[in-house]
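What follows is a set of structures for review.
Same chain, two partners: subunit A is paired with subunit B first, then with subunit C.
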Partner chain A sequence: MRTRLAFLLSGMAVAMMQLAFAQDGSMSLPKTVEAGNAFTIQSTGSGKATLYIIGLGQVLKRNVQLGEATFFPAGSLYNAGHYLVVFAGDSSTESDSFDVVPASKPADLSFLAKPSRLPVGLHDGITGAVYVFDAYHNLIAAPTPVSFELSNPSGTVQKRVVVTREGAAWAGMDSTARQGMDRFVARIGEISSARVVGQVPGDPCGLKMNARQSGQQVQLVTDPVRDCNGNAVPDGTIVTFTEAYNGGQSTVDVPLKHGIAEVQMASHNGATISVASGVVLGNQIRWEK
Partner chain B sequence: MSNGRLLAALLAAATVALVVIGTVWPVPSAVAYAGGASLLRSSSTPEAAVANLGDEIRMQAWGKAYASLANKAQFTQPEFVHDLTGYYPSLRTYATVENFEVLPLHASADEAEIELKLHWSTVVGASVSTRDLHVIRNGDRWEPEWPIAREPIVPPQVIPVNYLRWDVIYRGPGDDWGAQDVEAPHVRIVDMHPVERADGVVILGELLNEDVVPAYVSVTATLLSKSQSPIATEDSFDKISHLLLPKQVTPFLIKFPNVALSEVGSIRMAPLSALIAASADPVIEIENEQLHPAPGASLTGQLINQSGQIVNVAHVLGTFYDKTGQVVWVADEYIDRALLPQNPVPFEIHIPEDLARNVSSQRTVIATYSSGGTQ
Partner chain C sequence: MLKSLLILCAFFTATSGIASAQAAVRVEPPNLQGPRPLPEQTGTAAIRDYLQSWQSLRAAFEQNRADLLDPDFVGTARDKLTDTIQQQVNLGIRTHYQDRAHDLQIVFYSPEGLSIELTDKVEYDVKVLDHERVKTIQHLSARYVIVLTPAEVRWRVRVFQAAPE
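On to the complex of A and B.
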């Protein structure tokens, strides 16, 4: 905001100076300059003047001799944008403009990968978006091919190449059938950025429990709980045991520990015992002592 | 100016007069609270004796209450106080008796049975406890016997716990803007529908944590008119179990007072979920759940803490379904006693009479709070 204001005020000042002073010289400017590159501004006429280069976030000032070339070394201008050039002499003022464009060579990627955790086996469940920048953090708007690569610990690799549009490229990837921490990499040439995407098991599948007498109680133990792709459902997942008997009911929510859920409940002859996890129902047992 | 001085003088005189009147002829309750003569009536009847006991409990005059008991030789004063306020920190620890009811059940010349119903005011609302007191005649006075309920003593032991816990590390302030943060838990509303009640619209439903991490959850609903303009926004407040472990389901109930269902064109639901550090323990068994039909429709049962950790506050949420499996009501009750390991504690959730006949099945979930952290 402050730089814009400075730019505006400078422009107004120059315009006023142009009205006040007669023109008696000219200058030769490049139409575009690549960010960070060296460049030269040639002026005509004679006498001394002050050269201003005013852009968004950057202002350069040089005392120059009219009629000579003014050299700006590499790194002088690095923010892409439109720049105003002003020669302010003793009796005259002249202005022109040129553009600083992003460097053509990408130097940095901003990589957004979503989500960081998702269930296995989802089509286009993972999205990666890349913004390409040059060494001075200017967004490179020129089309640039970006390679997206999602690999999981079992060695499966998904790869897509997408060309950027207005500096951005994005791709969708499928989560695989195996749980684990996948590595999601976006790459342009030798520049890359990596993210980790956790693929977690889905809903339990084929939930099954067994019951046996344990003293005056019934001991209920599930088989190792797995999803439909064979991944072990993580510990802490809630498994609900329900025992219904003679109009009464007992319920207990048990977290999986070491892959199984285990609980002891009061033993009621003829009771119907069921097991569920979330919206998934398991088997049902009719309990006879 | 002179009017102002006159008014000030009048106010000062009135204040002095009222102070003098209050000091010379105080109201009985003020005397009692100031430690003077008792507010209590003579214990010449069984009802008066129990009412006196109720007043002493309300004023937390534990010494006087204990002294008035006929069977005080059977227990100590601390045991009596713990029976009323809890042995372990619980809702009752910070509760006070708002009022009480005395209901005669049976009386003869020398003994009587009186029901004392204490209405406690707790941090989560009202709680009622009822004791049936045996009252005996001692000369010209009646003295109640307190039915002491001693808290079971948990034998000293070591209970091995396979301690399962989740902790969360969020992204730091210095991370690049494109850097990942930990994903919020994925939750899903698996059932939702509005019901019209006498006092407004109620939204009932169930929320599932379909993720593999624990979630702090809440549900907000916005009623929209037929022209899609918002009518009101409310959230589930405490009619939900806010902590959901993976694959756990909680019911929720959202009230919109003074809104008619006919005004509602649509409803916008917004489930909120956030990662939360949590523990998978304690495990609470809900035993012997029984649905009782109207009149006095209720769900009763017992909670059994299967872990070694003492649960200070338990919140019981009942979801009631009709024959088609649709949620017809959600009700809850806070347990005002701490849950000790393996010690059954009863609960009773009341069901509205008009809905009770539609209830075919139910599901109960427990939210627990232990001192030193949630869950």
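On to the complex of A and C.
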């Protein structure tokens, strides 16, 4: 209530000044100015005054001669926004407003790609979002086509062109069938921003082991472990061998080394031996000496 | 969607008194681009935090204290507002912004969930003082585009920019 009353009382006082100025005429100013461009504001009347340009993005103040044009050189106003223009003379005030709009030429992309690492073969597994800015870091809200490209070392390229809305655009990409470091690029004309997305093998596929007698023990060796796209599953991935016999059970976890896992377990006639990696089950062997 | 709108409207009826003492707040249903659904709680929190940012903006510009922006603004938005406050200090100017009405809509929720974009048709009053003398009081309206990003416990304004209506 106090704030509103203060505004009201101040407003009445200022309105008296504005009324006096209005009798002299009105200023002439552009409706919009592109960020960073030169512009001119033409005042009316006579005598000295102070010109204020007030916004949340910038504040300018000039001593001016009423009736003359005030020239603002390029670079004077560069932050996009809505600006109030006030000519304040000794006994009169006039005001109007105009907009500073972003420069039409993009100069910077804020590009966020996720994730930085993911398994191969995921539909829409990679997303990229961009915001488009001009040289003064104003968000360019006008629709602007953005090109998204995901390329992998084998030369496969996925490309999408998306038009921004309110300065933002996004695209989803599939991770490809081959592991490696992909390059994800967002581009507008000559402006681009790149991110690297690591594609790693997926879960093992067709996990298979072989068994043979080795002294008093059974030697278990997997075939080279690969995902469903033929990419080698990385060394260190844990493979679990389980041997069940006479109501008992032995389990051994073995990391992949040189693409395979191998282990020796006690040899029990009639034992059932299985292999798995994570949630992926491999084959099962019934061991007979 | 209707349920979502009703919940948001109810929320802002309740919280508009907290966020901005006199501003009327209207929230349009989200008009999202992007694959990620916007949880109601997330949208509500983002709008609540944005409306609170007007309070710190008002205080910062009225007192010419850029540090008051810190809880609610980050990145480009904070840098630009800080520069403007510094210009005011250099010129002996203070401004008092009073938001009167907000008409909000969420227009983008980025796929990774790390930014939300809003538009806001704002009506506000601005009082300009030069060396403590009131020069003008004006009622203005502008359409703002806002980008929020998450901080530890809240959404903070990263882009804050008026555009022609």
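As a working rule, the second predicted complex is superposed on the first by the 260 of 289 C-alpha atoms of A that agree within 3 Å, B and C clash if a C-alpha of one lies under 4 Å from a C-alpha of the other, contacts with A are read in each partner's own complex, and residues count from 1 in each chain.
One rule holds in what follows: a residue touches a chain if its C-beta (ideal position, glycine included) is under 8 Å from a C-beta of that chain, and two chains touch if they have at least 3 such contacts.
None of these values were measured; they are calculated from a predicted model.
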Superpose on subunit A as described above, then tell me if subunit B and subunit C fit or clash. fit
Determine, under the contact definition given at the top, whether A:112 touches first (subunit B), second (subunit C), both, or neither. both
With the two complexes superposed on chain A, say which partner A:80 touches: subunit B (first), subunit C (second), both, or neither. second
Would you check which partner chain A:196 touches, where first means subunit B only, second means subunit C only, and both and neither mean what they say? first
Please work out whether A:39 is in contact with subunit B alone, subunit C alone, both, or neither, and reply first, second, both or neither. neither
Applying the touch criterion given at the start, work out whether A:279 contacts subunit B, subunit C, both or neither, answering first, second, both or neither. first
Is A:55 contacted by the first partner subunit B, the second partner subunit C, both or neither? second
Is A:141 touching anything from subunit B or subunit C once the two structures are fitted on A? First, second, both or neither. second
Once both structures are overlaid, what angle do subunit B and subunit C make about subunit A, taking C-alpha centres and a multiple of 10 degrees? 100
Report, in whole Å, the shortest distance between any C-alpha atom of subunit B and any C-alpha atom of subunit C after the two complexes are superposed. 9
Check subunit A for residues that touch subunit B in one structure and subunit C in the other, and list them. 112, 131
Complex contact set, residues of subunit A against subunit B: 110-113, 115-118, 131, 193, 195-196, 200-201, 203-204, 233-239, 247-255, 257-258, 263, 265-266, 277-280
Per the contact definition, I'd like the list of subunit B residues that touch subunit A in the complex. 162, 164, 166, 176-178, 180-183, 190, 208-214, 245-249, 280-281, 283-291, 301, 306, 362-366
Tell me, which parts of subunit A touch subunit C in their complex? 3-4, 7, 10-11, 13-14, 18, 31-32, 50, 52, 54-61, 79-82, 84, 86, 88, 93, 95, 97, 99, 101-102, 112, 114, 124, 127-129, 131, 137-139, 141, 165-170, 172
What part of subunit C is in contact with subunit A in the complex they form? 21-22, 33-35, 57, 61, 76, 80-81, 83-84, 87-88, 91, 93, 95, 97-98, 107-108, 110-112, 114-115, 117, 119, 125-128, 130, 134-138, 140, 142, 145, 147, 159-164
